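Listed below are the structures to be examined.
Here chain A shows up in two complexes: once beside chain B, once beside chain C.
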Partner chain A sequence: MDEEPERAKRWEGGYERTWEVLKEDESGSLKATVEEILFQSKRRRVIESHEQVRLGMMRHLYVVIDCSRSMDDQDLKPNRLTSSLKLLEAFVGEYFDQNPISQVGIITTKNKRAEKLTDLSGNPKKHIDALKKAVDSVCAGEPSLYNSLNLAVQSLKHMPGHTSREILIILSSLTTCDPANIYELIKTLKSLKVRVSVIGLSAEVRVCTVLTRETGGLYHVILDESHFKELLMMHVKPPPFDLETPSTTPFLETQICLSLGGYFCPQCHAKYTELPVECKVCGLTLVSAPHLARSFHHLFPLQAFTENSVEEHQGDRFCQACQGELKDKTIFTCTSCQSVFCMECDLFIHDSLHCCPCCIHSQIGP
Partner chain B sequence: MSDMFIFMAQVYRELQPFVAHPEGGGHGVLEMPSGTGKTISLLSLIVAYQRAFPLEVTKLIYCSRTVPEIEKVVEELRKLMEFYSKQTRESNNFLALALSSRRNLCIHPEVSSLRFGKEVDGKCHSLTASYIRAQHHSNPSFPVCQFYEEFDAVGRQVPLPAGIYNLDDLKDFGRRKGWCPYYLARYSILHANIVVYSYHYLLDPKIADLVSKELAKKSVVVFDEAHNIDNVCIDSMSVNITRRTLDHCQNNVDTLHNTIHKIKETDAAKLKEEYRRLVEGLKEANVARETDVYLSNPVLPDEILQEAVPGTIRTAEHFVGFLRRFLEYLKSRLRVQHVIQESAPQFLKDIYDKVCIDRKPLRFCAERLQSLLRTLEITDIADFSAATLISNFATLVSTYSQGFTIIIEPFEDRTPTIANPVLHFSCMDPSIAIKPVFQRFQSVIITSGTLSPLDIYPRILDFHPVTMASFTMTLARTCLCPLIVGRGNDQVALSSKFETREDFAVIRNYGNLLMEMSAIVPDGIVAFFTSYVYMENIVASWYEQGILENIQRNKLIFIETQDAAETSMALEKYQEACENGRGAILLSVARGKVSEGIDFVHHFGRAVIMFGVPYVYTQSRILKARLEYLRDQFQIRENDFLTFDAMRHAAQCVGRAIRGKTDYGLMIFADKRYARADKRGKLPRWIQEHITDGSLNLTVDEAVQLSKHFLRQMAQPFRQEDQLGLSLLTLEQLESEEMLQKIAQVAHQT
Partner chain C sequence: MCADDEVSLLVIVVDVNPIWWGQQAQREPEFTLSKCLDAVMVVGNSHMAMARTNKLAVIASHCQDSHFLFPSKSWRGADNGGDDASSSGDGKYELLSVANNLIAEEIRNVMSKSEYKGNSTETLLAGSLAKALCSGQEMKSRILVIKAAEDCARQYMNFMNVIFAAQKQNILIDACVLDSDSGLLQQACDITGGLYLKIPQKVALGQYLLWVFLPDLEQRSQLVLPPPAHVDYRAACFCHRNLIEIGYVCSVCLSIFCNFSPICTTCETAFKIQLPQMVKPKKKKLKQPT
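Let's look at the complex of A and B:
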């Protein structure tokens, strides 16, 4: 009883040095270099993501949320759990926006156990509701990496080979309580081609480094809330599609008949109320046309624009998209239609539009 | 390939000031943080000199502390040689090898299965001694070591083929040829270009005499990890005699007596022959030393060599009688009720007054015993360690009037009721043991990650260095974070000083610090206490206060004990816990095994917490005597030396966590005394330059916040390209005008 009101008072909470963020570093080493490194990696990410790689369209992702004692920590406001759940809500929304024919499931881990909050499904509403409910749950005990990975693998291993199997772990605790040797499990994960990524909320833990390195996932540790969001959003984009896996199963069936209050499977005429879903009777993946259209760009990503300096550019100094003046040092040129864009528009085109507006314009036009 | 360039470039940059050094001759002291390529830099530079001036630098003797460290050096050397042969496209004829004890090199199936070094040595001796082999000659059923026989028969004619040999390579080679790897290695170091072995082969007079005395004068000697070299020197010259030693010795003397009796009946000629040899004296050794073939042995001072063994101990029976008398005298001295401290001359006078033993025969005691053991064909030398110890003591005490002290304590300070008399004959002057090394070899380089303050080493080791330099790390990111925690959250000053040692508030705050840290530091934390007693007290108190339980929620706890097997078990489990994500804390003691020889790379040590300042136990009489000696002889104040000693151990402890540029770790000094300039100033430069005003005298909470921030920064992705141009250089960058200027500038400064 005593603890509850105390926690609510900010001034009695953690000691913080907020001014340190603004501190100018005389020696020019720590702050400056680390931030520069971060900036560079951001730039690289933009460039990398522009490369011509086919990305997996159908994803099966389990998000594991650590609900252990350390999630009570108040370094994210109001505490780590609430903040994470809120960001995850946004993540789920964004995820289904970008990957409409993919599925998500949520697992929580606390008290050395792992529990399934939601099963794999393609319905964002269900997940968001579950996440909203989870805010009130009590954080206690230690998490168990082994149990949560094991739980996720139990359902992921039944997923067809042409889809991606992924696990994303939000880990706050620095310790894990495992019933068996986790390195054996990592081997299994590797052989099943499950990609595990981790976002750490406190510091770099060795076992996660190994886990992500072995399974080909990403491992990041957050600096603050905005960085957390950035890292989370990185996982919205599908991972590179593994071309080695032959897609033996019939790919997609889009001939779905809509009738009052549901969809019928074209093969066996089973009725479903929501899409996308895998037909329980004949195993066909059922999606609607809009879903497919929205995932389409992952198969044919827009080529990266070439980067030039402003000085070299001849002609009008206006961005073709926003019509604003080109103020930045660098400009971007579309490789097919030679239109010029500013950096902001370049990011917008590649991240949201997925097609060059000028190319489209010239296609439609006379 | 480019990696190698990058690496070489880094080496060149960090050691540039040193380049001018070896050809000029002279000695040097170099401090350079571990993991920055200290070993490879030294190796590559000296090898380069060896290749360029094969006549001036004939041999490199690289001394390190432990077997794993020796192996590491050999591996570095192998890489270097591979690089050489790749670059020059010709096979070079370098011979480099590691040498260790028989225990690590023996391939005899029976002998090598023994566990302790002494047992192996004794067993080996009983199979390879000359008279055993002679007996084998007459009676082939007598067991000998076939590997040694084989080596002795053919091994000496063909030198070991050029190449790099670590201990396992030597063993393999030995197995293939059927030669004894130990004797092969000992023989081969004479013509090897590079020898890697332990300090003791050069510093301990007893071993150096056997192994290293014929090494060429034009050698470069490197002592790596040498921050404790003065203690090694002192230990090698000191003798402790307990009642058990005397009892053993009594048995030895009885055995000697019986054997002499038997021999006299069977083979009196042998003893006569020995007598004749002793009359002639130790002339041979003298000739050898004058022609500068041998490394001089401080136990066997020059004057002795010119004289014959005095008549009183020349015959075997007389010598045994002499030993008996000496033994009785020592026994009587151990029967004291209070502590006695006296100098060597006092001791000699007393022994003359009481049992009429003169100084001169005492001086020959060690030599005489060796000779007798040889004559009597005693097979198991290990059995006679007690007698050897006593005779060494006799020789040392009569040879050196200065630099030694004798302390007789009737009981230990901690247990005043249990009689446990000990006679400490303790060396106070490390320069005695190391002097022959400095005199004989043209260049001696003392190096370690933590040698600050540098100027004290030349003073206590009594030599004049040509180069003294402390290097820092060039880092692309600040990968170490030293914090000095001086207060608890309740503002209680944290300190391990005597007055507040038992204070509950301090202990609680220390517990609080560890608890908070265990919650935010990933994987492994290593905590060091100042002594075993202090650790026991604190841990017991934490247990009562329930702190331990709270810590265990975050991490497992392992404790270093004085038992080596227990400790290595704890270490193994600690590493396992760090590896599989459970996280662990290792509680250990400064000056213990963990603080000296074990590295905690990456996740094995993300934070080191130093609870208190690790001063030595100042009430020890040996230490007091040594401090006094240092003050009188070298004008080093007691306090300076104590602080120096404490700080080098503290630095050694915290330095365990950072073993390279990609590594990162917190260094927490939990004692307010660290914030004082006299303490802080004695830390190595590479740690000191990261201690800002903001990291002094922090509270536990502040330290936690800073650590959290630091750990998050360090967890950000870090690639090799990020280091490029800062702490790594490509060939182009290295050859650029700008960089060359920078190097020249740095070289000029130091």
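Let's look at the complex of A and C:
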């Protein structure tokens, strides 16, 4: 195997004096420190990268869920399987919200075999229904990484080159039962440009580290349920577009046509009840303009606002978005129009709105 | 009936484009900006009178800026109780008379003091809607847009961002259109689940507002309201701005084109055309005699 950068393991590092982070104020209360920690964690999400990187908008993602015996463990309430399925329902909803022209498929693995729960499709309802039904299934046997990856790759390798091919594995077991050499499969995955990421529920497993490193994915192990949710939401954002491979057919013929009660493909007039969908008769991809518009904020991300303390601010003490009084200690200023906002408005603007309310008035959009 | 302590906010966004209203005053003197604001005050008062916990906000959308007519910053800062000047003496609920006076005063300030450069006849509604969304964050709210002038094509992307943010927060956007149909507002109403109505007679604005737009979401299921409009979801191509049905989309930057071209003009990605595969002639293996 090739050399890997050796990260220091936690037990190899020095002592961390975590108790020193908490500081009491004069009355002995920790309230100020707790608020500061919450504030920092909220801001962390907003400050993450805003560089102009080309992102892959059309994604084909397979989610592999481990349904082995270890998922019966009750360290996540009520057990790991129920908790994971519930979080995945939220993940699927959020994924289609941020990537409306992408597709998701679900695979489960137990008893040394892998099975497709749902095929690759762009309809969130189908996946959510399947996840709800899967809660009743029994967790048994051992998972098989090789079989699940193989099953996913069978469909992914037929996908066109300009779309991203991804697999996300939720692995709770520390073992895997494979019929053949998994390192060969890893080489195949690398040549097919499939990006595999793993979220571990128990501990770090070396084969997953190698798998994710070779294919360019992310590997994390959860600490608790809220960390699990955070890690899942990290995969909702589109990954950077792979610049080394020039796309084979980046143009897709799409249509935008509709009528009351259903949508008609403009080429063959086949009727469909929802969009986006690939026409089964003529192969045309059918989308509507709002689907494409939903992805625009990834292409034109909003810059982070600068933080200032409220005492330094000379003008009115009013937030220019919600007209509320500026009660927090810090205020946020937009770098282009110099308007001030309170913390809630800043979070709302960066999470949901993706545009500064005051800059809109002077902006000339595309 | 909703719970007693549930706060429900109605944000009315009024298009006060001075060019359109000026032309309107010449076309039809019976219906001017002040008549329109009278109707807005009536529906605002009615909303606040429906329940003690109902709240109101009014935003005036100008050519290059948007202003909160109510509640205004000066009112928030001042002492809420014991304001003698506001009592109208006719037994009206104090909050309503304060609101009306403030709206009248603020609109006078806005119309006389706002400067605008250029002669665009379009109003930037996206900014007002964004401010409306920020103000209605913690409570159940809905937005009513009264639109006069034409759509501004420049604000398409920001408008769509605002619509998706409203949909995520479950905020309805209703639209009451006075003059020309607006494709953007039709999409907004369709996506968020609100009502779109183009008024046939402008002088009856107050009646339409009270009949169609005053009831909130739970009450609307009991009423027979105007049917939804047919929304044109076709996109415009980036090269000619024509509405197209079939087109080409760049997978990197999502720009839409009506004709195939080897380079995307927005992100300058070069595309490869997939040629039919060449079939190599198969070499037959000669069987070796055993």
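Going forward, the second predicted complex is superposed on the first by the 252 of 366 C-alpha atoms of A that agree within 3 Å, B and C clash if a C-alpha of one lies under 4 Å from a C-alpha of the other, contacts with A are read in each partner's own complex, and residues count from 1 in each chain.
The rule is short, and it goes like this: contacts are C-beta pairs under 8 Å (C-beta built on N, C-alpha and C of every residue); 3 or more make two chains touch, one makes a residue touch a chain.
Bear in mind the structure is a predicted one, so any value in this text is a computation, not a measurement.
In the superposition on chain A, A:His162 makes contact with chain C only, not with chain B. Looking at the superposition, the partner that touches the larger set of chain A residues, chain B or chain C, turns out to be C.
By the document's definition of touching, of the two partners only chain C reaches A:Ser352; chain B does not. By the touch criterion defined above, A:Pro290 reaches chain C but does not reach chain B.
Once the two complexes are laid over each other on the shared chain, residue contacts for A:Ala321 go to chain C alone; chain B is not touched.
With both structures placed on the common chain, the touch criterion links A:Ser202 to chain B but leaves chain C unconnected. Touch criterion met: A:Leu174 reaches chain B, while chain C stays clear of it. Chain A contributes residues 14-17, 20, 29-30, 33-34, 37-38, 40-41, 69-70, 75, 142, 145, 174-178, 181-183, 200, 202-209, 220-223 to its touches with chain B in the complex. Partner chain C is touched in their complex by these residues of chain A: 54, 56-58, 97, 162-163, 241, 246-258, 260, 266-267, 284, 287-290, 292-297, 299-300, 316, 318-325, 344-345, 348-349, 352-355, 357-358, 360-366. Taken in their complex, chain B has these residues touching chain A: 475-478, 519-523, 553-555, 578-583, 602-603, 606, 701-702, 704-706, 708-709, 711-718, 722. Contact residues of chain C toward chain A in the complex are 64-66, 68, 71, 73, 76, 124, 126-127, 130-131, 133-135, 137, 154-158, 160-165, 168-169, 187, 191, 230-231, 233-235, 238, 244-254, 256, 260, 264, 266-267, 269-274.
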